[in-house]
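Dropping the structures in below, format is structure tokens.
Below are two complexes that have subunit A in common, paired first with subunit B and then with subunit C.
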Partner chain A sequence: MPRTSRYARDVAVVAFAQSDHLRRTDELSEVEMVMPVLHEVLAATGLKAGEIGFTCSGSSDYLAGRAFSFTMTLDGVGAWPPISESHVEMDGAWALYEAWVKIQTGEADTALVYSYGKSSPGSVRDVLTRQLDPYYLAPLWPDSVALAALQARALIDAGETDEAALGAIAARSRAAAEDNPHAQLRGDVPRGEYQVAPLRTGDCPPIGDGVAAVVLAAGDTARRLCGRPAWITGIDHRIEAHGLGLRDLTDSPSTRLAAERAGLFEAPVDTAELHAPFSSQEVVLRKALGLAEGDAVAVNPSGGALAANPVMAAGLIRIGEAAARIHRGASDRAVAHATSGPCLQQNLVAVLEGDPA
Partner chain B sequence: MTAAPPPQVLRAPLVVEFPFTRSLGPVQSAFLTGLRERVVLGVRTGDGRVMVPPVEYDPVTAEEIRELVEVAPAGTVTTWAWNGDPRPQQPLATPFAWVLVRLDGADTAILHALDAPGPDAVRTGMRVRIRWAADRTGAITDITCFEPEENGGDGGDGGAATPHDGAFADPVTGIVAEARLDYTYSPGRAQTAYINALAERRTVGERCPSCHKVYVPPRGACPTCGVATTDRVEVGPAGTVTTYCIVNIKARNLDIEVPYVYAHIALDGADLALHGRIGGIPYDQVRMGLRVEPVWTDGGRYPDHYRPTGEPDADYDAYKELI
Partner chain C sequence: MSTFGKEPVAVVGVGQTKHVAARHDVSLAGLVREAAARALADAELTWADVDAVVIGKAPDFFEGVMMPELYLADALGAVGKPMLRVHTAGSVGGSTALVAANLVAARVHRTVLTLAFEKQSESNAMWGLSLPVPFQQPLLAGAGGFFAPHVRAYMRRTGAPDAVGSLVAYKDRRNALKNPYAHLHEHDITLEKVQASPMLWDPIRYSETCPSSDGACAMVLTDRAGAARSPKPPAWVHGGAMRSEPTLFAGKDFVSPQAGKDCAADVYRQAGITDPRREIDAVEMYVPFSWYEPMWLENLGFAQEGEGWKLTESGVTELDGDLPVNPSGGVLSTNPIGASGMIRFAEAALQVRGLAGEHQVPGARRALGHAYGGGAQFFAMWLVGAEPPAS
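What follows is the complex of A and B.
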């Protein structure tokens, strides 16, 4: 049984799969890239596609420049005749949230959640400017690295970090990724030149293509499908103002509030998978989640988004990686975080727990 | 996924342009019209703070806010980042600093570029002022960038916000938000095989290993079974019109006389109809069941159109599942 039960139904992540994350996948269409991961995650549960109660995906057409690309990837699910299905133009972590709500309503007992990003056909730094306010920001084309660099400078000015500490976060992440066969960047990665100072190449995530998928299940179904389900004992997402000049970029009140609502602070965690594409953003998230340097919590043991950052999938991967550690007994209580928007504008926090051994 | 792409990946440039026309509403209209007149406006939020640039709803309470104020065209850098390698559509072509600037009289900061000789000339707290564009239309780009204020020093606050009615002659009520993104398109495994076969004037679909349906053009997966389509199957060349429409409006950039017929065509051996133009027959004589074959033109990478084969029409039962 989950330690805490604040919701109508107990829902768990029962399986997780991801692709290898690669700089380019030119030889594959999006559905060809997604399909093997869908098969892998279903095989882990023994479920067939037709036995899934609800399917929800997250992706963005802007990444590969293909209109309605998510309808093409649905071919890989076996969506005809029509299944109960939905899509979010967001990271798959929010697709997972929608699926979790669907199960809470009682309309489904199982859900397949997947997300993918194929950034290689375009220029993702420029593409991401199109998510910004179209009146005041988008006409200036401030790219994702530039906005993160403004946040990093604010943190340095506030005495919260310095460039050496940021380099250490990047190095720790890529060292951890040595044990992650799916990672795109691992081991000794040079800090590199400034991209937009104070951020160097090493402080930025790799650009690449990748896929992630999880299966959710409720109650006894979860116990049947998984030896040690990763119960979602809390999940919440919160957003801040869009204007960067309205926010304190050195803090993340939306992350903190989501964590409170998810019950994070009610008990300690042993694992944190944080969606911090830039080294400086880990500093902000640690502060918001109360994760001090040097304490016992394993932060991003997968290497995090600094090791692989398939846009639209990297947040779902955090939930999947945290759940996988519970599945294999490496964690008893973990926090997973996903972000969306510039400078950690919107944040989702999930608390995952395994049954006592 | 395989790590190394096979040698013959097809690539083509793909340009996506989306010039959205956006209306502004009263607050953003006043702000952008103000920029055209070299006046910077903010809006007072519910808790009395002055927000620049202004929006129509309070960021905390979501209440409608309309009380406009004028602030100074100079202010203080609150954070910055040095952009040594500007990207094509950014405000300045030479290296510059991205800055958040709190204008005098404002409580929030505005994002823009700062023209400075190098990162050593920029610091948080420095004084900057707006450099106005020569041609101003009522857009955020009416501000070319910020520039360091002469004898500026650090900090300081040159004044308070003053009330403003937001009224200007000939207000700007909308903007056209231009955007262009450039991609390099690759079609993937199944469609690459399809395109390569077309180059040899053959139409090759793929069969689902589970339900045995043949998809033309292949998309790589069977939407019924959710598995990869694997076996390549040459279909056609002839096929049957399953349904059609008569096009009466001339398309831009298309040199085809109207009216003409556009049809769904089930090629022999295919379990999915593709579409193409029907020629070689008056438009009002095209019918369901008509047997057609492709017509290739020199250098064409796909059939230019389909024309009647002269065979008897197909029986309805033979294609009714493909409509």
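What follows is the complex of A and C.
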């Protein structure tokens, strides 16, 4: 039995699927991107869409370039007869959180969670500036790389890292991605020129399109659907102040608090899937989560967001990748992390555990 | 698995801004904080009492801020707390309240602040809703262009007299005169003026259409222990549900969508309602175009199919009728799109708390809050009561 005394019900990730993450998918609509992944994740459980208790998705109209973009991808689910369904304008990790809460109420035993992002039609660097304070910050168009570079510079100035260490994080991530058939960047990726100093091209995530989907199930249903369910023994998320000047960019107190609330520090983990789109952000997250360099913990064995970063799905993929390792017996206790907002403003931490073999 | 069941959820605080065409005097942050502070004041709680914040709004393009909850975290006292952002099209205000209620029902949090808003003056919502090719086929301009044919289908199907729509608008605009937060206060409204207003999307006239509003609505939801400490009467959630169906498909009934019927049936089952017409005392339903009142009366089970317009025509849905619909003035009088669903939910709560003021339905014990969105495909509803739920 898993160590879940924290919540009313034991809930597990029982299946995970993702698309190949690609620089462009001009020939595919979002529905066409989503459908095969939904079919794959449902097939892994043997469930049909109509047998799922609750469905929740995460996506952004600003990536799609149109209002109500998620109403069209609902067609990919096959919501007929009508289904119990919701949507968050957030990374899919938070859609998973909403679905997990729904299962905790007892109103559903299973949930389908999916998210997708198609960054290729626009300039995602510029698009993300639109999520900044619209009065004082957004008019300056500080892009996501520039803001991450501010954070990286603060880390270097504080003696927490240096450019060589950042390069090593990027190299380790892309080397790990050699084993990930869905990754967009893998193998020997040159560090490249400065995008915004001190961040080089290699320190930045690839821009691309992708989809992820997860099935959650409670208790005995989870055991029936999956040989080794990845029990969510803790999950919590916290947000910080928006103004970068109000924050210590070298730390992530919201990640640390979420991890505490999720029970991360009660026992060691063997795997960490961290949503760190920039190499420097892994340094911040390791500190917040107490994952020292050289530990036995496998950090981002999938390659992480430096190998594939479909915006709005990359956080859910971290949970899915951690769960998949538990499913196949490669991990017994894993931490998965998702982030949103500039410089890790909002963070979610999930602790996943497998039953003893 | 727990054998304890769900934690009962109570509404102990409601706050709204005065809804107007343009709140040039406040930022987005100022707008939402005003409603949130009023909800906390109503509950006699402080920001520190809030465990989590759940915010909802319609498309981000309406204000031009992507995922504005990131920027609004400070204004809503969410720093260091969990914050969720829901978006389920026009039903979002209702869905947001339900997501917040589930956090309490699941015993994940004890006290949750939920809020929905729209500041429509920041952009032009009609064109924001008119999707360009190649995303989908042209559907005429704005939401009215989408819904007018379905209203016409209802009229053909039921033989409802042409004047029914104007009766709804005339009622809701008069009800709004009793609601200090309503956007439209048309003191000189007459039925003749409604019927003489310009035709916008045949058969929907200008005065049968919702306005564009700036506004926010907030609620404080809490558990049984929180409700016991509440200085004012709480409203108890007896049932809540969401249902969705695709936008367009062969066989879809746009006049009375199956998702709406299923959603209502689920809520009534949870609340133990077998005869909604007799057992529910007030309804706040999402009526952005006048004719949706008779259409939803049928969809929600208050009237037999084809009979909804007769309730409207005979005055049953008037404030002093036996099934008052939209005593607040409804969406026809106030429409900050993302907040409109939450206003329905909050007004239903005010009715059973006995705090609705001049538009109070005397003795209301059970009230339904209803929201819908997208192409009549997303539904969110809750039923609130003056007494705690039985279980």
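By our rule, the second predicted complex is superposed on the first by the 355 of 357 C-alpha atoms of A that agree within 3 Å, B and C clash if a C-alpha of one lies under 4 Å from a C-alpha of the other, contacts with A are read in each partner's own complex, and residues count from 1 in each chain.
The rule we apply is simple: a contact is a pair of C-beta atoms (placed from the backbone, for glycine too) under 8 Å apart; a residue touches a chain by one contact, two chains touch by 3 or more.
From a predicted model like this one, the values you see are computed outputs, not experimental measurements.
Shared-chain residue A:A241: touches subunit B and subunit C both.
When the shared chain is aligned, subunit B and subunit C each come close enough to touch A:P134. In the superposition on chain A, A:P82 makes contact with subunit C only, not with subunit B.
In the superposition on chain A, A:S279 contacts neither subunit B nor subunit C.
Shared-chain residue A:L74: touches subunit B and subunit C both.
In the superposition on chain A, A:S331 makes contact with neither subunit B nor subunit C. In the superposed pair of complexes, A:Y62 makes contact with subunit B and with subunit C alike. Residues 62, 72, 74-75, 79-81, 127, 130, 134-135, 138, 241, 243, 246 of subunit A lie at the contact with subunit B in one complex and at the contact with subunit C in the other.
Residues 19-20, 22, 24-33, 35-36, 38-39, 49, 62, 64-65, 72, 74-81, 121-123, 125-127, 130, 134-143, 146-147, 149-154, 157, 194-199, 241, 243-246, 249 of subunit A touch subunit B in their complex. Looking at the complex, you find that subunit A touches subunit C at residues 7-10, 55, 60-62, 66-68, 70-72, 74-75, 79-90, 94, 97-98, 101-102, 104-107, 127-128, 130-135, 138, 218-219, 236-243, 246, 253-254, 257, 340-342, 345-346. Contact residues of subunit B toward subunit A in the complex are 1-3, 5-6, 9, 11, 14, 16, 20, 22, 24, 28, 32, 51-53, 55, 59, 78-85, 87-91, 98, 100, 102, 108-113, 119, 124, 139-141, 175, 177, 179, 181-192, 219-228.
Looking at the complex, you find that subunit C touches subunit A at residues 1-2, 4-6, 27-28, 58-74, 78-89, 95, 99, 102-103, 105-108, 128-129, 131-132, 135-136, 241-247, 249, 257-259, 262-263, 266, 374-375, 377-378.
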